[in-house]
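In what comes next, subunit A is part of two complexes: it sits with subunit B in the first one and with subunit C in the second one.
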Partner chain A sequence: MTKNNKALVGLLLAGIAMLMLPLVISSFWLRIVTGAIMWVGLAQSWNMLAGYMGYVSFGHGAFFGIGAYVTAILMAKGLPFIGALVLAALVTALFAAIIGQPTLRLQGAYFAIATWAFAEGIRQLVLVLPFTGGANGMRMEAFLNENFFYYSMLLVSAAAVAVTYFLFQKAVFGLRVRAIREEETASQALGLNTTAIKVKVFALSALFPGILGGVYAYWITYIHPESVLTPLIADQMVVMALLGGLGTIAGPIVGAMVLFLGNRILWVMFGDTSFYLVLLGLAIAIVILFLPDGIVSLFTRKKKTGEGISKENVRNITG
Partner chain B sequence: MLLSVKGLTHYFGGLRAVNDFNMEIEKGIIQGLIGPNGAGKTTTFNLITGMHVPTSGEIIFSGDNITGKPAYHIAGKGIARTFQNLKLFSRLTVRENIRVVQNKQGKDAAAEEERLIKLFELEKYAEYRSCDLPYGAQRRLEIARALAIKPKLLLLDEPAAGMNPSEVDNLSELINMIIKEFDITILLIEHQMRMVMKLCHKLTVLNFGEVIATGAPRDILNNSGVVEAYLGKGGASIRGKRSER
Partner chain C sequence: MELLIQTIINGLLIGGIYITISAGFTLCFGVLHVIDFAVGEWVMLGAFITFIISTSTHIDPFLLLPLIFVMFFIAGYLLQPTLQRVITKNKSNALLMALAFTFGISVLFKGAALTIWGFNERNLVTILSGKSISLLGINIPSLRLGTFVFAIIITIVFLWFLQKTRFGLAVRAAAERQDVAGLMGIDSNMINKVVYAIYTGLTACSGALIGAIFSINTEMGVRYTIFAFFVVVAGGLGSIEGAIVAGILLGLLNSFISVYIGGQYVFLVLFLFLYLILLAKPKGLLGKGW
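Entry: the complex of A and B
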């Protein structure tokens, strides 16, 4: 109980600190932290699908882009931001549910390729559609309130983390999702409607990137295919979650913070440089070689490997 | 009849894995499904549980036609199975392996979970990940997990595979216990003939996808067609000579 209380107090303090942050840091750093928080939400959403269900998507950037574009298009039609954002969220989730039906029949590398192809398709579509501005992108009316965007990103990303915690870690639904990851055939044979569960998870993991994309579009005020539909977005989600620790709630948070803040600090120090990519490559190689379960495994390791089990094993073998 | 299978046929491309398979299972018994390797036993299981859709034929369970229905639907109707090569949810704990397939959660489900863990002697492993369990315990957990969906018919696919003789005896006792403790019917695929003869009330023998004999274990043992399927032509005479000795 005391351990739980401690965690709760820590969470509360962290929450208060996050809420107070705009009062203590410059607007320059506030923008950077806003970006980091957005990536926490993105990486966590990807983690719902890949970490908990074992379906590695390389097309999740598309949902970010769809959210951004739908918000921009609707606002251009005169809808207020909140209305446009809600509709964009619904459209993104619906899109994912439709795309999920055929792609979730595939597994492993095939699923990854299919989602990647879907994302490329969306990017090409945006380039040719009459109402997306093609390669020129879309410009939106600027709303110059950094605090608003900080709190918006915080709210959405916190919601993504909360959903991960309550739905994927604590609820039976999450247990079923993890059962699909471990043994899909057995899950089906024992009564789980795996198709329905998979589509739900896919839609949910697309919903938050959709909302974040909408907020991002309004924040940056200018979007184009190379900014919100580049494959790099999905790649970053993947790397962040892997770096932090796949299938854990803390992993994507740690991974996103480390990578994004690291990237920005390098940028502050050296300006635009590809040095970041070199470090990124090194970081990935080191994690894969020495920490296959990510950074968070440094702190949670060896919790439940039973020494008693090995004795038991010996007894079983010797009869 | 709890389950009746009529004219079940299944092709894998050009390979006829199961051909005009007929079988009836009465409620409350242990029925064995035996046959040499590659006879189509596991394919039959996969067809009954909806993992494959049969090319033709009919499967009637408790009066419902379940032919070609999705696997989860058939499981919901009351057919559970285990797998020849274990398919546990590796990184879920023993407790979670059971809880995750229960269709209702709550007090009763928690009590049932506790009961299964006790009955299958998994108490000391309850909080361990199933992949960390010794082999025998993993085998027991697979059966416990199948029972967690409260099936009327339990299909066991070679539950004794990889077990030593004393473990096989324990398993026989376990299966007898299941029949007593649960309101259930069992269809068993097994190669351990000693166990099959001891446990089963009725046997169906499969060879090259076709049923070659059905009947009481004792009759099956003396069926020349069955002996031939296992030992080849002339096998019956060898067996005869051995029993004369």
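Entry: the complex of A and C
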């Protein structure tokens, strides 16, 4: 068996295991796993933008919140869940494309602070708008089917991972995106329409959090600015991707699983304690100090994304 | 009319403290090229340590400022080599790694503070608390005036140090071009440590002043991280003149919005303003940033 076949078989087995999971674990653990899967999707979406394109957003939580709120508002107007979710996804992606246009002109720290300011602005806006319920938040009718939410989250997060793999790791588009990360001016000089590419990546990396936010809102049935628009969401995406390994496909998956499950296990053992924050902070600092390429760098020798540019691809990149 | 003057005075008085927070923060960016996410937590720790010392020894918080500065200077001096390690080990994306690292530090500080001190509100009592000066019908709380004066003194000493001493010259040289400064015999490792230490010392002192005006709690940090980011971005990253102008502007914006529009809109306007400044004038309002 070749290496590729082995990986494919492994992936297939993992997929089947994920599909069968609700049959074997209790609903308590199912909820926890559902949460972990949601964070895999979120961390992976952030990784598309920051890991592959080098644009560090500290405000990606805003798209999660926008998705959640649009879904909740549309469902309150009487739309069925699926319709509301599709519309919410479109609104989030469109919104990101519009916001991305001017914001992506900024680089480095300026981009990071601008996205953070933008996200905090959205949170404050939701607090004062007439149709979002302000600080009281919004309630939705409960749909008590844990399996439904498990499979929904699994579907969306798997889609985010698949898009990252096929579009950013394998396709020519991914090479262009990585060219922007390595040297934006040079890739522009080579004829790449960097603005168009950056806006596309930004919208794509906002789309998945938007959908996940919508599913989350329906799952939890009660959303308020402190739960779906807290800066902690963006912070955790950043930390998970960094912890696992930035700019790799496995990194955000590993990081999200480790951090989220670690958090829940601590929570089960000690209850709701602020001591968790001490451990979390220490873990972040230690990983960045001693393992800057993330946990996955322990298992792979190559530390950066994907393969290099093959000869036949050179022409394609600029074409 | 009286309300207008009162609003302006309140804004200016508060703005003085924002300048103290931002002066160190912006210098830290200028020299180390690091955005410290934990800035608000230094404010919180400064306020708490002042509270603890002041309640156990009954010394007025204003008199404790030099001690607080020294304590946090030492803390920053000891922490900086670790931060420096993060920066030098990750040359290509030092900024992100430093941001993430200081984010970890801020979570750690906040978690430790919550674990040790809990959620309760505390009040720092100073000799000026509860008194006020009346001037032509305008009411000025002595405490705010006092903290303003202290904040301005601290900032002036800081600026004097930066502009008039040989060490300050070395710091400014390192801020301009670290590698060339190194060739001129300036020990950049030492400069970096001292700059970071000054920054933590100044921030903790402003925490003590803030604690004297408002109540103290372990979750206050985030608010001042926001303010520090606002001032430093509006003033231009790394520009101290800009930070002074933007600090006053933030104080005025704060008091005008809460008086004339409503307290719940303060942060909305601040963030929109910050976002628009970044898009239109990323080098700050004075155009002097990096």
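Quick note on the criterion: the second predicted complex is superposed on the first by the 300 of 319 C-alpha atoms of A that agree within 3 Å, B and C clash if a C-alpha of one lies under 4 Å from a C-alpha of the other, contacts with A are read in each partner's own complex, and residues count from 1 in each chain.
Note that contacts are C-beta pairs under 8 Å (C-beta built on N, C-alpha and C of every residue); 3 or more make two chains touch, one makes a residue touch a chain.
No experiment lies behind these values; they were computed from the predicted model shown.
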item: Dominant contact partner of subunit A by residue count, subunit C or subunit B; value: C
item: Which of subunit B and subunit C A:80 touches, first, second, both or neither; value: neither
item: Partner chain in contact with A:191 - subunit B first, subunit C second, else both or neither; value: first
item: Partner chain(s) touched by A:106 [first = subunit B, second = subunit C, both, neither]; value: second
item: Touching partner for A:175 - first (subunit B), second (subunit C), both, neither; value: first
item: Those residues of subunit A which subunit B touches in one complex and subunit C touches in the other; value: none
item: Subunit A to subunit B touching residues, read off their complex; value: 172, 175-176, 178-179, 182-183, 185-194, 304-306, 308-309, 312-313, 316, 319
item: Subunit B to subunit A touching residues, read off their complex; value: 49, 51, 70-72, 75-76, 80-81, 83, 87-92, 96, 99-101, 103, 105, 124-125, 127-129, 132-137, 145-146, 148-149, 164, 166
item: Touching residues on subunit C, where the partner in the complex is subunit A; value: 35, 82, 85-86, 89-90, 93, 95-97, 99-101, 103-112, 114-115, 222, 226, 229, 233, 237, 264-265, 267-268, 271-272, 274-275, 278-279, 282
item: Complex contacts: residues of subunit A adjacent to subunit C; value: 50, 54, 56, 58, 102-103, 105-106, 108-110, 112-114, 116-118, 120-121, 124-125, 127-128, 231, 235, 238-239, 242, 273-285, 288-289, 292
